[in-house]
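One chain, subunit A, appears in both complexes that follow, with subunit B as partner in the first and subunit C in the second.
Showing the complex of A and B:
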């Protein structure tokens, strides 16, 4: 689960795919997740990091992360 | 360095004539070509506009165009064009002419050696290259060079539309020989599109397979010996109801660059061109059309670091231009409308005297 190398990301959660010209923006949690993905962190690492930082149900967040990952894949943002 | 060579060689502003000054909602490339040329620091220029109509906005942009002359419509043939250019040359001592309309290119290509004898340089494709990419031969071209192109059929009569239903599914694209394309989703729509395009552009009409995908345009410049000088792919971000890009962004896609490189290499293309590509969801780049001149969004190539119009000027004047190796990805253009104010005196000058 790695963000493609050529995808430009900003700290504000803006993503630009230079191959397709598509751009996206995410909310602050999405931004945090993408920044973790860019550091090659595993799904488990991401779940650990977010659950530790925020008061969130682990099972619920795991499902949300799966959905988010699926969206990123659909938009060709993941390798 | 090329910079000093051109300056030393001329020691005066280069006089460059440019057509396509209709910076309207479906714009000609002239104003963008001039903007890019003026930005080049390797030479100074005096720009001569060549116009067909009195209300082409570029005529009145005096910081873009120094002087404008009206020229005869392409349908007038090469003789009337040549005599007009001869007069303009006597007045202005032209160094280079850059024609920017599909419909006028044939006349300019035919005159290029006569113009050269007079000291006017062009940098245009050969007639053979020009014909090979013609809309009506695109299918043949794709087969010959193993490129994806949509299936098409050239028709001369409305009743031929009926027969096409066996080979083409709806929607299909009905196109004019120079311009215009209508997506027809039924027989009724196809017939209406046929009539509309026939009335405007005449015969033949091209019927093309509809390809669904993302519209990509590529501006490319070849040196005429198979070398690629520049390739810039652009994705349309905002498309007008005429299908023109109103905003676009430069892309970084090796497949698109390879496609344009192959086109330039196999055709030994000389000059600027635009590949209109439809990228399907499974990643196949279909060449929908090849325009044999710079596109209206050509200034983006200069903004992204590869000034194609300025490079063409250098090559037209016999300079060797090294191929560009990089450009800025994610560079965006956004077109805008602006009410240019002029007065009736200027309008009268171009309308009555053919000069402004």
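Showing the complex of A and C:
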């Protein structure tokens, strides 16, 4: 679960895919997840990090992360 | 360290050149209270989903409509359209505000009597009146609006047999320049049928012609159509006066004024496109005032407005059951109310607001009801904050037709709560129970 190397990401949640020319925006949690993915963190690491920082039930976040990852795949942002 | 507020991660592809020039409206402003009562406490006390009606808003609407018409024309009478919302508590508010009752079936007629409306203040419309209905209405001196020749001849026969003298009007249909033309109710104006029916009444010994009625359509967006309808009724009234020396007491323009809901497929929201009641009042009263009637023979103007007076007094509160992603990537949100309770979601793109403050992030979604049926769609596309299971929502302008046309289908119908003038809450119809649903069923012996 790694974000493609050529995807440009900003800290403000803006993503750009130079291969297709597509741009994306994410909310702050989405940005954090993408930055963690770029650092090759595992799903478990990401769940630990987000649940540590935010007031969220672990099961709920795991489900939301699955859905978010599915969207990244749909948009061809993952390797 | 205190943890930060969570919001579901979301990513949106940015598109250019696809938006309409007005942009996509985002419903992100929370509605936390109805009148001064918190949505959260309403749902915890009365369950979800829940219909809520504001008594204050009904009275405001009624007083506003009366003021608008009465400042333009001296003799105006409103008759509450029972089919729009015939909860007894709602009807009684309208009657307290001076409205008569307008009913379209024997069942509604009995409800009006039960609500204490004197017989002579009940208008009985519609194509379905049994002999028993006609006899009761005639004996109570109610205003019987005749819909077709079969009814006319039934009434003549009954009045002769029983020596009754019913007060009657005819319903007239006509071409007012709108589509579809409602010609299935009443007698046609253009082909002379309406005049023939009038002469039949005026030549009868027992029937007393007191009024003329029309109802040109529903959710009317054209004020000109009302001017045309008024002119045609005035023409019939004038002809009856000239040829039979009989001046009718009233002309009844029916209802059909729209609320500010947005019809499906409309490009702009209803709040921007729907004419105000003032504009309808101008169109109607200008015609009557200038038609040429003498001061003392000016007919009373009767209006049977329903939707425009109740829609924005009604709310449906509900809860998110689940969120999911569809195969094409769209977000889907499943709610605990569907088109079985929110029947008008078949016609309107209802405004729906979150009941609490969410983050600034929003997403487009489809809103589904809880029914295990593919047709159960509340909104095909709406932009709302990132919703989670358990979040509460408020649907606006649901006061008209939902609490009469709702279906007991798959789930049971919920509580209806009235918020009174002092912001006290009262259940005006209890949520249904299995026992209530099954009380009319009977099981044959061989299946016991």
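Note that in this section the second predicted complex is superposed on the first by the 79 of 79 C-alpha atoms of A that agree within 3 Å, B and C clash if a C-alpha of one lies under 4 Å from a C-alpha of the other, contacts with A are read in each partner's own complex, and residues count from 1 in each chain.
Convention: a residue touches a chain if its C-beta (ideal position, glycine included) is under 8 Å from a C-beta of that chain, and two chains touch if they have at least 3 such contacts.
Model, not experiment: these values are computed from the prediction.
Novice: Quick check on the subunit A-based superposition: subunit B and subunit C, clash or fit?
Specialist: Aligned through their shared chain, the two binders fit side by side on subunit A.
Novice: Who does A:30 touch here: subunit B (first), subunit C (second), both, or neither?
Specialist: After superposition on chain A, A:30 lies in contact with subunit C alone.
Novice: With the two complexes superposed on chain A, say which partner A:6 touches: subunit B (first), subunit C (second), both, or neither.
Specialist: It touches subunit B, and subunit C stays clear.
Novice: Which partner chains sit in contact with A:56 here, subunit B, subunit C, both or neither? Use first/second/both/neither.
Specialist: second
Novice: Per the contact definition in the header, classify A:15: touching subunit B only (first), subunit C only (second), both, or neither.
Specialist: second
Novice: Write the angle, vertex at the C-alpha centre of subunit A, between the C-alpha centres of subunit B and subunit C, to the nearest 10 degrees.
Specialist: Once the two structures are overlaid, it is 90 degrees.
Novice: See if subunit A has more residues touched by subunit B or by subunit C, and give me that chain.
Specialist: The partner that reaches more residues of subunit A in the superposed model: C.
Novice: Once chain A of both complexes is superposed, is A:64 in touch with subunit B (first), subunit C (second), both, or neither?
Specialist: After superposing on A, A:64 lies in contact with subunit C but is clear of subunit B.
Novice: Once the shared chain is lined up, is A:75 touching subunit B (first), subunit C (second), both, or neither of them?
Specialist: After superposition on chain A, A:75 lies in contact with subunit C alone.
Novice: Just the number, please: smallest Cα separation between subunit B and subunit C in the overlaid arrangement, in Å.
Specialist: 6
Novice: Which bits of subunit A are touching subunit C when the two form their complex?
Specialist: 15, 22-30, 33, 53-56, 60-61, 64-65, 67-68, 70-72, 74-75
Novice: Can you check the complex and tell me which residues of subunit C touch subunit A?
Specialist: By the definition above, subunit C touches subunit A via 3-14, 325, 329, 359, 361, 386, 388.
Novice: Over in the complex, which subunit A residues touch subunit B? Could you list them?
Specialist: Checking each residue of subunit A against subunit B gives 6, 8, 16, 18-21.
Novice: In the complex of these two chains, what residues of subunit B are touching subunit A?
Specialist: Touch residues, subunit B against subunit A: 214, 234-235, 237, 248-249, 251-253, 329-330.
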